[in-house]
């Protein structure tokens, strides 16, 4: 008698096996779980992913709100604040990031209308623009460092590095999410009906990306302001 | 304790198990994220425990870690070196884990409820976990931000919290311009909601258990929900009451104290409703119910001492004294732990398929209940006498080093040993019942919520493919005319007519 | 079981209240002008919360005993609550809690909103790990500047005074005990050299943190001579428990003599 | 195909950015390499005991003698009692009755590098008595056992604040066992502080050679057993700075080296 006959496989073991299979992983900094239809015996509604993402964004908002209030208080509490003039390259970076939001929308339209090439190319351009933005931020850091402005030079430079780094890391998470979507692009295109997990993933990533975009504009204004 | 026990167990521990079943879902919305949250928290814990094995010693700034003590580094004494840095890292990791967990709770509660389960039909446990999750989501992000700033002060040479002109051990500190009070504001903006993170799940469990074991619908369901919501909401506006004597503006202290008094009102409503539920009920005094009753008693005691501490004028003598220790241990320490015990005894049959031993459970309750009062009640007296907290020895101050106060300490120490010993009974009961306890039926407590409609232990996807539909409010006990004294939440309408 | 719970809850309630009422452990003897008001506020709060405490605990005990399941066939009452009672209870709690706070407002205001009386004696209080130092301005009534780079405990220059260059520092008197004359308004200016400490004299009912980088004023008037203790009540490091200094209230002539001796030792 | 090409483009950008970032870090966090000692591994030179000489001298003080500054020990009555009402005064900056300086650390600063010395087996004792360190200035050899005892019925805390050695900070309750420590590197001087009684101060000089002395209550010192040679003699004081003099010691010669400090 074979052991299979003796011990019926319990449902949880099956499920666990499935769970430990290749997950694709890597949804890094963004909140959604990877919606892979093959791994779910039941369906989690798409709106749960959106809710999850909005909650993640709420937490990120609180994070930056805390940084902002720390910045305002720190500015007010002592007279050692010296405004850090922003490196010019930030304007270029801003343009790149704003453009990436537009290209992501184009990619989304591609998916909606099931045009695989349009979807993949624009998604790719978006990821590239995101990566360019991060590279550009690093250039900005280098320019500041070349001016002799480091993290601990002045409270305003501390906040400059802090806010750009915090935003950059979050955006890096977004880029990784985009790369993950690119890797799975064919699968997403294969099941792209309304409410399909792939489509939800793209939608949720887009929410995150646009939020990062808006967050950057906020940070830029904050850093520009001579308090 | 605050982070790795009071924050995780009542919320993630019970919530992850019971929330999906109670709302009729197969699992939490994002199981993999849940796993990530668990392991992140685990790593945070490992980092914290590692500090016991480094030469600089474990961190010594308390859970509030006020800078500059926590920001300058080794110079300020043993325990302020690498250990303190690792503390911050550990807490930051913990924040990430908690954030991941909390967004999962929110999405699950909002979007995975079974058909017919409107928000106002949610068991109060689910409400408690939901509000707790919102509090965690909004507060832990702020703690994370504060932790990053503190870490940068320690290792990055910045001066967010370190003012100019400090001299430690005759050595000048090379920082300038920061504000120690900034940390306190950020910390307590997190810290006060954190207190409710610890206690709200306990309130939820207590409400649930009291209604079930009183065989009576909860008194004022809506009031309970609104009370929890307003506790959550006001919880974000009262952080300043931790800072009455910190050097913060005395005018804002007054505003904070009024809000603090306001938050006492919903807490009073809850207490009233718990007792109101019991009155006219038919109380089955099984172990979960005993712990729920204990919770109410401790919550009354601990809550009322808050009325003293919420007044800035009385804080002039009571702040940072043993009175404070008594207050918050009663209310967020022991009461929260009683909530955990109630939850454990209540859901153990569901989780393991076996009943816990009632005799051992009752022994555990009696020793813990009396022991807890024995530990924390005398602290009020010490606090009145002006005994400051966080003293590692009593030899440094004459008025502390007198038999008048030392007798109280001795009494408390004996109580503490007895209470700790009682927990061995619990552990034994847990292990023994798991292996040898009598088999549990589907609904041993004759409760009404969904988890009691599935086998004990539940199958992997909780409902084995069934999609429960909710027809009624969660606490339908002793409905006049019904066959039994409880009606399940998913029982169709006609059951009533039978 | 129901009876047992009722009895134990009632006993705990009555015994702990009884101990409070016995005043065996209570607020220590008060020696400042503000202390009686604080004690009154405390007593008021104690009486009102004490009544709630006893009633609520006894109600809990009663409910557990009275409504326990006696194995009979009685069914529990079917009720979802009583809105009128809820409103009454909520309003009563709100009025009581906020009312108590408003009554206490006066005390807080007199400590913090109004400054010291004119002619108050100024003393600086300095905290460092794990000692207290006090500075009297001397005859010129002015505190000299402190220089962090000159602070050196090993030669007794705790506050970094430069007596040879700063005219105001010359007559400053630095002591390790805080002495004040009785019945005289005193303004303390709290400063810290290193980390956050907290100044607490239980007999004065006065507590205030010393925050590095800030100079925080508080004021009081001591009404009885005697020797008391200042303890640190904010965790400041390993030696926190030993951070103590004596606080002496003296008659004006005794104080003058004491200050003279201290001045000679500078 | 296009898919993968397009995938690698942003990937490469990210990687490039990261490389750029790490390069940046290296550039900014560049630190001077620790100076390595240039002494080669030469066989140690033996000392001929029949030829050794010695240096004696006096540490004098010019200027007005500062009045002793009393220590306020009010916060710990144990300390006050230990001095039986007579009180104590700060030892840093103290001047002897004969106008000389005690507690100056006189040592061979240079010239003895060619000799090596075994780590002494005897302990250097640092006592805490009357809430003062005894001695106030202590010289030890690298690796020598510093034996810290307390004669006071109060808790002390010993906190050396070195620049080159490992910092530590330990409490010693009344009746607690002595603390034994060694210092691994040469250092002039390590201040030692008690965080419980912050007036308490001692100085420990960690030497590679045993040629050092501390001036006494008459301001004199003697360094014995010096092999013939050219030396730089350093004299360190806590408050009046440090001086040095060059001196040549012949076989069996007794040299006198005096130092004079000003306030």
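Going in written order, the chains are labelled A, B, C and D, and every chain counts its residues from 1.
In the analysis below, a contact is a pair of C-beta atoms (placed from the backbone, for glycine too) under 8 Å apart; a residue touches a chain by one contact, two chains touch by 3 or more.
Since the model is a prediction, treat every value here as computed from it, not as a measurement.
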{"item": "Two chains sharing the most C-beta contacts", "value": "B-C"}
{"item": "Middle chain, criterion being Cα centroid separation", "value": "B"}
{"item": "Chain centre separation (chain C, chain D; CA means) in Å", "value": "43"}
{"item": "Between chain A and chain D, centroid-to-centroid distance (C-alpha), Å", "value": "55"}
{"item": "Separation of mean Cα positions, chain B and chain A [Å, integer]", "value": "32"}
{"item": "Centroid distance [mean C-alpha coordinates] between chain D and chain B, Å", "value": "51"}
{"item": "Residues of chain C touching at least two other chains", "value": "128-129, 153-154, 237-239, 242, 244"}
{"item": "Chain B: positions in contact with at least two other chains", "value": "77-78, 163-164, 169-170, 178-179, 393, 395-396"}
{"item": "Chain D: positions in contact with at least two other chains", "value": "155, 169, 191, 193, 195"}
{"item": "Residues of chain B that touch chain C when the two form their complex", "value": "60-62, 66-69, 72, 76-80, 162-170, 172-173, 178-181, 214-221, 223, 245-247, 250-251, 253-254, 257-258, 261-262, 264-265, 268-269, 271-273, 275-276, 278-285, 290, 293, 296-297, 300-301, 304-305, 307-308, 310-317, 319-321, 362, 366, 369-370, 373, 377, 380-382, 384-386, 388-399, 404-405, 408, 477-480, 485"}
{"item": "Touching residues on chain D, where the partner in the complex is chain B", "value": "155, 159, 161, 167, 169-170, 191, 193, 195"}
{"item": "Residues of chain C touching chain D in the complex", "value": "128-132, 153-156, 158, 175-177, 237-239, 242, 244-246, 265-266"}
{"item": "Partner chain D, residues of chain B touching it in the complex", "value": "74, 77-78, 169-171, 393, 395-396"}
{"item": "Contacting residues of chain C [partner chain B, same complex]", "value": "1-2, 5, 8-9, 12, 16, 19-20, 24-28, 37-38, 41-42, 45-46, 49, 52-53, 56-57, 59-60, 63-64, 66-69, 74-83, 85-86, 89-90, 93-94, 97-98, 100-101, 104-105, 107-108, 111-113, 128-129, 148-149, 151-154, 160, 193-196, 198, 200, 202, 205-209, 211-214, 216, 229, 231-244"}
